[in-house]
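Each chain carries a letter (A, B and C) given by its place in the written order, and its residues are counted from 1.
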Amino acid sequence: MTDATTEPLLSIEDLRVHFHTDAGVVKAVDGISWAVMPGETLGIVGESGSGKSVSALAVMGLVPVPPARYESGRILFKGRDLIAADEKERRAIRGKEISMIFQDPLTALNPVFRVGHQIAEVIQAHDKKVGRIAARAKAVELLAEVGIPNPKQRAREYPHQFSGGMRQRAMIAMALALDPLVLLADEPTTALDVTVQAQIMDLLIRLQAERGTAIVLITHDLGLVAGHADRVLVMYAGKVAELGTIDDVYYRPRHPYTLGLLNSLARMDQRRTDRLKPIIGQPPSLIRVPPGCPFHPRCPFATDICPREMPALEPKDGPDHLAACHHSDQVALQQSPAAS
Amino acid sequence: MTEQIVPQAPAVGEITVESGASGFGGAESQAAAVGGITRQTQFGNIRRRFLRNKLALMGLVMITIVFLTAIFAPIIATHPPRAQDLTITLQSPSSEHWLGTDELGRDVFSRIVYGTRIAVSVGLASIFLALVIGVILGSISGYIGKVWDTLIMRVADVFFAFPLIIGAVVIILVVGRGVAPVILAIGLFSWATVARLLRSSILSIRESEYVEAARSLGAGKWRIVTRHVLPNSMAPVLVYAMVSVATAIVAQASLSYLGVGVPPDVPDWGNMIAAGQKFFGFKDYLWFFPSMAVVFTVLGFVFVGDGMRDALDPRLR
Amino acid sequence: MMLVLFGASIILFVSLFVVPGDPIATSQGEGRQLDPATRAALERRYNLDKPLPQQYVGYLGRLAQGDLGESYVYRRSVNTILKEKLGNTAKLAVVAIVLEIILGIMAGIIAAVFRYSFLDVLVTLSTTLAIGVPTLVIGLALQNVFAINLGWLPLQGQSQGVGRSIILPAVTLAAVETALVSRLMRGTMSEVMRADFIRTAYAKGLSKRVVILKHALRNSVIPVLTFLGISFGGLLGGALITETVFNWNGIGLALVGAIQSQDNPIVLGVVTYGVAIFVLVNLVVDVAYAFLDPRIRLE
């Protein structure tokens, strides 16, 4: 699906964002590169604390800069480096060309303003010419589009009067109001019930098909990514472990961490008495990242070179399937649990 | 009974930053969340944070000075505080009388020194009273609830309706002037806030999950209250208590100023200020130094109270 | 709320009329001997010859009609006396509250937005000082500096016209509360600014000004408002001191005078006024709270 000659819509090149805190320097994002093509869905997968949200926040310019610092890297959007851009430019992009939705819709919506008003606000913020009535009308339209019944009445209600799923729909309406080119979705379904999760994901996919929005889906849920993304990026300890299409990564994993993640999933066809296979150890603190390859303390394939040298992110199985591991060939010998 | 592994409630101030927290919360907690840090902050860390706060430290020093002055008043004072000498009235500060003399020839400095005794004793005693009443009633209200809760809160409302000074004035009218009535009066009109604070604290903690966990592991009511609920809910109460001592001292001085506090010849800052007001403009030292004494003492408690609050609530940093 | 008033009145009444001391004698001036007939007449007039519970009932009855009885000292209706003075206190209170709101909220916002900057430190320190320095001392200090030394403003009373005379007392009265308000505002704002919905607001592309002044502020004023309502009671207490310092002819001053002369009806009257106003204000605050916070409205 990836056409090598198409320009990526949004790309991050070797981004490093470090938080300077009293406890030490937290290397949340330490050399990440990814790109999204128009209309595609990129999944970013990682454990909690892997820094996956921070890269999205960096794109939006929502990382609080006094404790955080952009140590290096570029964020390219439509040819411009967002990091170098001034606040006015970034503000023009936020909500209009790149939007973001967040994990907990209850706290993400302002409790003292009506929902319709909050949606209308986005519209009016980016186009002074739109009047209040027109903006409100558009908001009602959007609520209908995201599947909220009785949109006119609902627009006049407050967030706490909505159910969890409805709130997330409202958030989506707000994010897509101005037809952005990219939607960053940070754990959009984590706070929701499973059945509602499916509905929300369906909604996102439908809207994407209608509008051609690129989606960056950030989650810890491998299953979610498998079902809804075109390509996936696996993150570990602030760095990229593996990057490729769903098929590539799930059926032919080339990084031990990916393999471990796939193995640790509970499956329907497992025998009940089989034990789950977690990855041993704990994810590292981002203040004290292990030297060399950060995964080496937990890696069954690790050798002497692993703590010494950080492996480069290189193609391992075709030009678009990249992994950062010294021993990808070893990993290749293991059969992916997805394939069986 | 098998060993009870009662989950240890997060001690006040513990930051167990849940990794993956997507809250926009202070960059540090966000960073910490990203880093998967779990900082177990118990009393030691709170104390350390408190001591790092320069203002709080200064407050501590100030309070200590006041306390020591109160305790060693007879040694520090240069003259007996009530010794009148009508031949040397209204003298400006001199080497003999460091802060001058008042209209009855009494040494101002010594009276101020002895004034610390009243201030400290009233301040501490009245708030102690308020704490005792407030904690007991607040705990009952918060933990046992239902009828008691409504009853106690209604009574508290009545006491709330009176501003501290006015209420105190009424009590003193009834009981008469003196140190004990002042303590009683101030305590009576301060317990209501303590009770309310404690009650809301308890209410929120009572429903929290670690208490539920404790209960499900079989911990009895009493154990839950003493080991889990109370320690965690006391924090805001203690901070309030510290600041209340400051308020109490001010109230006490104000009452004396109004003429309803301690009897007039007792060396008390409020009395001195009231007396000194007659000489406004030309014998300013008479009201100025007692005022400064009040300010100094009160600020000490306020700094400490603030420091405690900041130390106990890491999010505020 | 009525319960509160009721309870308060009981406490008041009981306390006052159990007071040792002979109000009749005091009101006639120390040292004057009363002949039994006059004394009996006075007692009858003020119902002091009846048993306590009956007095209380009588009192309640008259209270319900808005009659607060008669002052021992002035021999006039308490209501009449107090009504004159209430106006003065009200003027003071209003100016003070306006100051508190404007200054306090502004200072709080500035401190929260520019956290840890020089402005924030300035605000924080000055508010801490304002809390630490009792109203009493503030009043005296202001008097000293502005009235005596600089001679800009009148020392006491209302001689130079309301406008100029009211400045010092109003500032004194408002000082401590303003400091508290701004601290509360700063704290609340700081917390609110960290909320998720603020991040969403930024993510929508809103400017910093809009985010702070619209989204953050709306959420932060709510607790501050409640505080202002509660502190109104404190205003009355503080007015006591302020009026005494500045010789301001309001009900606070009346109260102090009444205490000295054991003029119980006035004491009772003032405190009743105070409690009634407090209850009223809190009612208003409750309504306003519901208006501002939609989550409460729907319960």
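Rule of thumb we're sticking to: contacts are C-beta pairs under 8 Å (C-beta built on N, C-alpha and C of every residue); 3 or more make two chains touch, one makes a residue touch a chain.
Here the structure is a predicted model, which is why all the values come from computation and not from measurement.
Farthest from chain A, judged by the mean position of CA atoms in each chain, is C. Among the chains, the centre nearest to the mean of all shown protein C-alpha atoms is found for B.
Measuring from the averaged C-alpha position of chain A to that of chain C gives a distance of 55 Å. Centroids of chain A and chain B (each the mean of its C-alpha atoms) stand 50 Å apart.
Look at where the CA atoms of chain B average out and do the same for chain C: the two points lie 22 Å apart.
Within chain A, residues 102, 104, 107 each touch two or more of the remaining chains. For chain B, the set of residues touching two or more other chains reads 22-23. Shared interface positions of chain C, i.e. residues touching 2 or more other chains, are given as 195-196, 199.
Contact residues of chain B toward chain C in the complex are 22-26, 55, 154-155, 157-158, 160-166, 169-171, 173-174, 176, 246, 250, 253-254, 257-260, 270, 273, 277, 280-281, 284, 287, 291, 294-295, 298-299, 302-303, 306, 315-316. If you check the complex, the residues on chain C that touch chain B are 3-5, 7-8, 11-12, 15-16, 18-20, 128-129, 131-137, 140-141, 143-144, 148, 187, 190-191, 194-196, 198-199, 230, 233-238, 240-241, 244-245, 255-256, 259-260, 267, 271, 274-275, 278-279. For chain C in complex with chain A, the touching residues are 195-197, 199-207, 210, 215, 218-219, 292-295, 298.
Residues 60, 62, 91-96, 99-100, 102, 104, 107-113, 121-122, 125-126, 158, 160-161, 171, 174 of chain A touch chain C in their complex.
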